[in-house]
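Take a look at these structures.
One chain, chain A, links the two complexes that follow: it is found with chain B in the first and with chain C in the second.
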Partner chain A sequence: MTEITATRTENTRLQRIGAVLRDVMTRPSGAIGLTLVVLHLVLANVSPWIVPYDYKAMDSLQMLKPPSGAHWLGTDHLGRDVLTRTLMGGREALLVTGIATPIAVIWGGFVGIFFGLVGGRLDEVLMRVVDAFLSLPWILKMLVLIVTFGTGIEVLIPTLAFFYGIPVIRIARAATHDVVARDFVSAARARGHGRITIIRRELLPNVLDTLMVEGAMRWSWMLLAFSSLSFLGFGVSPPTPDWGLMIADGRGLMSFAPWGVLAPVVALSSLIIGINLTADALAKALGIDRAQKAPV
Partner chain B sequence: MLRMLLRRLFLGAITVWIVSVIIFAGVEVLPGDACTAFLEREAKGKLLENCREAQGLNRPAVERYIEWASGAVRGDFGVSANGQKSISELVGNRLRNSLLLAICALGVGVPLAIFLGVVTGLRRDKPVDLFFSTAAVFAMTIPEFVSATVLILVFSVWLGWLPGIVLTSAGAPASEFFPEILLPVIVLAMVMTAHILRMVRSSVIEVMAGDYIQMAILKGVPYWRIVFRHALPNALLPAINVVALTIAWLLGGVVVIEVVFNYPGLGRMMIDAISDRDLPVVQAIALIVATVYVGVNLTADLMTMFLNPRLRTHALRGS
Partner chain C sequence: MSALIDIRDVSVGFTGRDGRTREVLRNIDLTVAPGESVGLVGESGSGKSTLAFAAMGYLKRGLRLLGGSAAFNGNDMFARSRQELERIRGGQLALIPQNSGQSLTPTLRIGAQLGEALRLHSALPVGQHGARVIELLSQVRLPDPEGIVARFPHELSGGQQQRVAIAMALAGDPVALLLDEPTTGLDVTTQAHILELLRDIAAERSMAMVYVSHDLGAIARVCDRVVVMYAGEVVLEGPTRQVLRAPAHPYAQGLLASIPRLDDATLPVALDGRPPAPGEAGAGCAFADRCALVQDKCRATRPPLAAVESGERVRCFFADEARRDRGRRKGAAPVRYSRDSAMLTLDDLSISYARPRLIDQLLGRSSDLLPTVDDISITIGKGETLGLVGESGSGKSTILKTIAGLLPPAGGTVAVGDHPLPRLVEQRDPNQLRQIQLIFQNPDDSLNPRHTVADILEQPLKLYYGLSSTDLRARSVQVLERVRLGAHYLDRLPSQLSGGEKQRVAIARAFAADPEIVLCDEVTSALDVSVQAAVLDLLNDLKATQGTTYVFVSHDLAVVRALSDRVAVLYQGRLCEIGQTDHVFGGVSHPYTEVLLGAVLEPDPDTAPTLTADDVVERAPPAQGCPFQRRCPRKVGTICETDTPPWQRNGGDHAIRCHIAREDLA
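After this line comes the complex of A and B, so read on.
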């Protein structure tokens, strides 16, 4: 009996994921967005094997050459192949944000749900601390830690995961408040379930949709933060190819070598737009209004 | 009503106080202090001791926090670590420049966003809506340094219409920042417009679907009268909060823009201070930006409350 119920819920869950995915794909924004994201993920994984040149190979005879048969997207100021570096330029960003996003959503989500359920004085205090953290510009918080501890991914991942989890607390708490007063939560309480069980069985399934959309948005903002840091010289260190860094390097030379800037610009923009279009379509498919969010 | 107001002010003050504790504690907890940053390699032995003595870093943290916080309340942030200059003086001009940038961007962005938001909301799923909604997704998602770089490339390098870099010094009168300020303003206004537009659009769509609007349409009230008299006052109310969040973002998030355009604002000063590990300056800027953020959001909350009759009576009844 128990087993039958278990497989049935599993089935409906899979079916629901399938239905949501289909819904996302039928929307033009979802189809374009998801295609872009998948394309970027595939490219980031296979690029080391398909790129025509070594990403750090310099060639003093081939500096700042315009696109040609040998170098499809031209070369940069050190004679490195722009196509190679553009194809590989998202790997570090996707690795760091790909790990940091789930961590941020999970820890922020759990803290938010827990305090949304418990409420009271402690909740009030926590929200003031969250407000205080949110009132500091992200770049200041990140930079202070990065300047102190270095720019490696072992610093960037926890830093991003920590700071981008804080706004998630707020979202998860608000979503929990919408659910917590409903009858089925009172029923679970009356049945004598503990907090952990209520969170897992009653709250989490209802808050999950909001967290999914929130996660997609966090991912795009994290990418934005990561590439901005690289652009400012606080992110990936050379010669590792990175779009933010490539744009920073190519910017001074863009009057006579615009290809060095345009290639990473197109790559970075298409990834972030892809994620946002997907998040938009996902929000619509799940019935969550996303327009009411401001940049944090 | 008064009690409501006081409660909000109190909560805002608490938030600012927590921020100040976080800022101070953060600098305390992180390895290194103003002296190790200032002396760099010579930071050892007697020299370090003397410096700490001179800066008063040997006293207990609580004592120093109280001194720092009470100075900050009076607008005195102490002196910077390396220049030995008054921070209030250093920050003053930079804050003005950042405000100038923010006000120009708001002046362009907010009216444009409200206009476009209403138009796209009323013409939902028509070509004009699809065009501006798609453009908004592009404008708000592409990183600022990317759109700034592209705009410099097009308008400054290729067309030569606008200067792509700000060369005016920090202390120059505001009028001297034109026309150099135009490109940064355009970039900021673009991002802002996109956010507010989306908000206004969804709000207009929601209000226009409301029963009382349907009723007015059925009664034969002229369309533009419905839009201006009945729909917009309700639809624009939530926009106040988004505008507030955007202002807050403007003051903190413009860092990258200021670096790209070499604009002498608070953001670029912050980056420089962090790179130099000039901790007193970092603390001062952090506290100023956080206070502005809290203040702007508080103002927006109160404005929404006073402008919305339902919340107003609720607040009145509450007191």
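After this line comes the complex of A and C, so read on.
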């Protein structure tokens, strides 16, 4: 009996996830956004096997050629195939942000929920620290760390995860504040449950929706940040293909070889727009109106 | 006389997710003559508010007009343009909403808000607006209108805000007022005052009123005619006296029987079942499933709204039988207890919300703020039910929170049996925690929306009894059965339950711990009356079978009367009177109890509330003397301001705290 009912309980939750996904897909923004995101993820995974050229093969005879039958998106200043490099240029970015985003949401979420529950003076002090952190330009903070510890995935992932977790604290704390005031939390306290149980059983399920949407938003911002770092030369090192790096390389030649910049720009922005549209549809499907909550 | 509001054959519905059209209102006919006051009653979801808004030509998002017409003063409200509607609404036809505190703009001063209403809806030159604002505010009997003009909404009490909303509605010199639960959420005394005001204003201006309420007591006071709605249709319509005295429809009868009465110490009779969801009423009578008189005919054909001899219109084939069946079915007698040992003792309890300021802490100064609750000493016997009554702000819920350990007392002790309890919940041992359980007012808020019923019930079982998963399931079923719900509820989420079912789950959760003491914080006030009756009945049953001690907080005196053995009356966090229910509610009583009892509205058109004290809400207790001194209609003199009144007892345990001699308090 237990077994049967256990699956049934699970079903209510699976049903909800299913219902939310269906809702996302029926919204135009969700359908377009999710298609873009899935397309990018698939391409990033299979690109090494489908690209027509070697991404680092230079050809001094084919420099800065416009799009043609041989090079659909033309070639760059070193004669490398732009299509190949664009298709592969998101791999590094997706890998780094794909790992850093969940870390950021999890640590920021837990800290935010904890301080939202505890409240009081400690919470006030922490939030002022968060405010102070947020008031500094992020690029500055990140550059300091990267210059100190060097570039590379092992530095970039923790750095991005750390800095992008801080605004999550604030969102998680605000969402927790709404829940903590409700009677079921008082009921749990009155029964004598400990803080950990209250966070896990009462708060987390109710804050999770907000965190999921927030996570999607953080992901898109993190991608931008990663590309910006590459653009500045602190992210991926050449010759690894990367959109940020490609934009930086092609920037000076934009007036007579725009394809070199255009292709990575379209790739990067379509991914970010896709994530944003998905997050938007997700928020609506979950019943969280992001428009009413002040962005951080 | 031509009708002012003329609603003909209106049906309103929405398209569900499955693409089916579901009707929220079904073929409604309603006319309101100039100067007439009509009450729309029904439980939540009956469509009464939708109907009132339809009279304004307004439908909530997602709803559409499926047929019929709604005319106001000869204007077809669904055919007019937006601009024309804007001129009529707020002008000739004004709305007074339920929660006026939320409908006033928080950043505008009262004078500016009323000025805006005048600018939009009256022909007065701007120069005269100031004088007219003062005039309007004095018409709604607000003291010191010149002072009110400069205030912001949050600086007014709930009753005052409601008066401002009324003044705003009057700004356009309306010929008809729509009132959507205008007194719900207000204290009894305030509610009684507002209703008298509405009666007077309607009579003075011969204004028509459409009064939407679930409260038959309020309807009885202000309406000439009552329309009873059920599942989106009118089931009974007629003069107030007839509808309330001799209801010709079984639903109206059930509704009346489910209202607890102050003059009746039995529990009200619950109306079983729940109304059909929109679009689920089927071919027959919508009430058939809950009706005691149901016949095959009722399930097959939908009865027409037919006129009967006595002048009402009834949607029932068996109106005569229904009327005969009356004689108010008797409710169960409440379980009474005989007093033996003390279960819960509050000794000189005081509670303060004010935290000492940092500067005071540093200087070692004590805070000069008065405690919110002070000097509470009550002993509650094993198996006894103590009712705590008082208006909002009287500290009823605060006391419960302190007993539960959610709020530390500033002084005094809470003891269970002979053992004093630690001040805070975190310091109490598991058994102490298990002994006391709390049930909250609103189950929407006290049940985690993400947990299934099984999750909800398992929490206390796991915490207090450490049951394994197999036992948990079996035990949860038992716990559910105790509140008369079946095992199939276990896998539902709160959003899949009705209001009454949710509250039952909340009660089941409290009783899962097998507590000795259950604290009930306004547990029925978020529920419909018929559901309230069922919940009261359930609590009474549990008391009989489990021998539970209840502390029952409510602002509704009739509800307290139905369930309590003893009653304590609180004003501003101080006790005024305590004693057996019959003693408190009859015979000698404290002036404040008298004021409260006088303001209670009975669903009977021939009773009128006795309004003695004014309804000004106080924000803080006076520093010394009697807490009720400022509002007391029987104030003796300066002694009330300087000396704390003594407890005056009869031979038994009925005690009144007043300077007036007991004999003179009758």
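Couple of notes before you dig in:
As a working rule, the second predicted complex is superposed on the first by the 285 of 296 C-alpha atoms of A that agree within 3 Å, B and C clash if a C-alpha of one lies under 4 Å from a C-alpha of the other, contacts with A are read in each partner's own complex, and residues count from 1 in each chain.
One rule holds in what follows: contacts are C-beta pairs under 8 Å (C-beta built on N, C-alpha and C of every residue); 3 or more make two chains touch, one makes a residue touch a chain.
Remember, it's a predicted structure, so these values are computed and weren't measured experimentally.
Once the two complexes are laid over each other on the shared chain, residue contacts for A:A174 go to neither chain B nor chain C.
Looking at the superposed arrangement, the partner reaching more residues of chain A, out of chain B and chain C, is B.
Once the two complexes are laid over each other on the shared chain, residue contacts for A:R182 go to chain C alone; chain B is not touched.
Touch criterion met: A:R191 reaches chain C, while chain B stays clear of it. Once chain A of one complex is fitted onto chain A of the other, the partner contacts of A:E202 are limited to chain C, with no touch recorded for chain B.
Contacts of chain A with chain B, set against its contacts with chain C after fitting on chain A, share not one residue. By the touch criterion stated above, chain C contacts chain A in their complex at residues 404-406, 425-426, 428, 430, 433, 436-438, 440-442, 445-452, 454-455, 459-460, 463, 469-470, 473, 490-493, 509, 513. Interface residues of chain A, counted against chain B in their complex, comprise 29, 128-129, 131-140, 143-145, 147-148, 220, 224, 227-228, 231-232, 244, 247, 251, 254-255, 258, 261-262, 265, 268-269, 272-273, 275-277, 280, 289, 291-292, 294-296.
Considering their complex, residues 1-2, 5-6, 8-9, 11-12, 182-184, 186-193, 201-202, 205-206 of chain A touch chain C. Per the touch definition, chain B reaches chain A in the complex via residues 11, 14-16, 18-19, 22-23, 26, 30-32, 137-138, 140-146, 149-150, 152-153, 157, 191, 195, 198-199, 201-202, 238, 241-242, 245-246, 248-249, 251-253, 255-256, 259, 267, 270-271, 274-275, 277, 282, 285-286, 289-290, 293-294.
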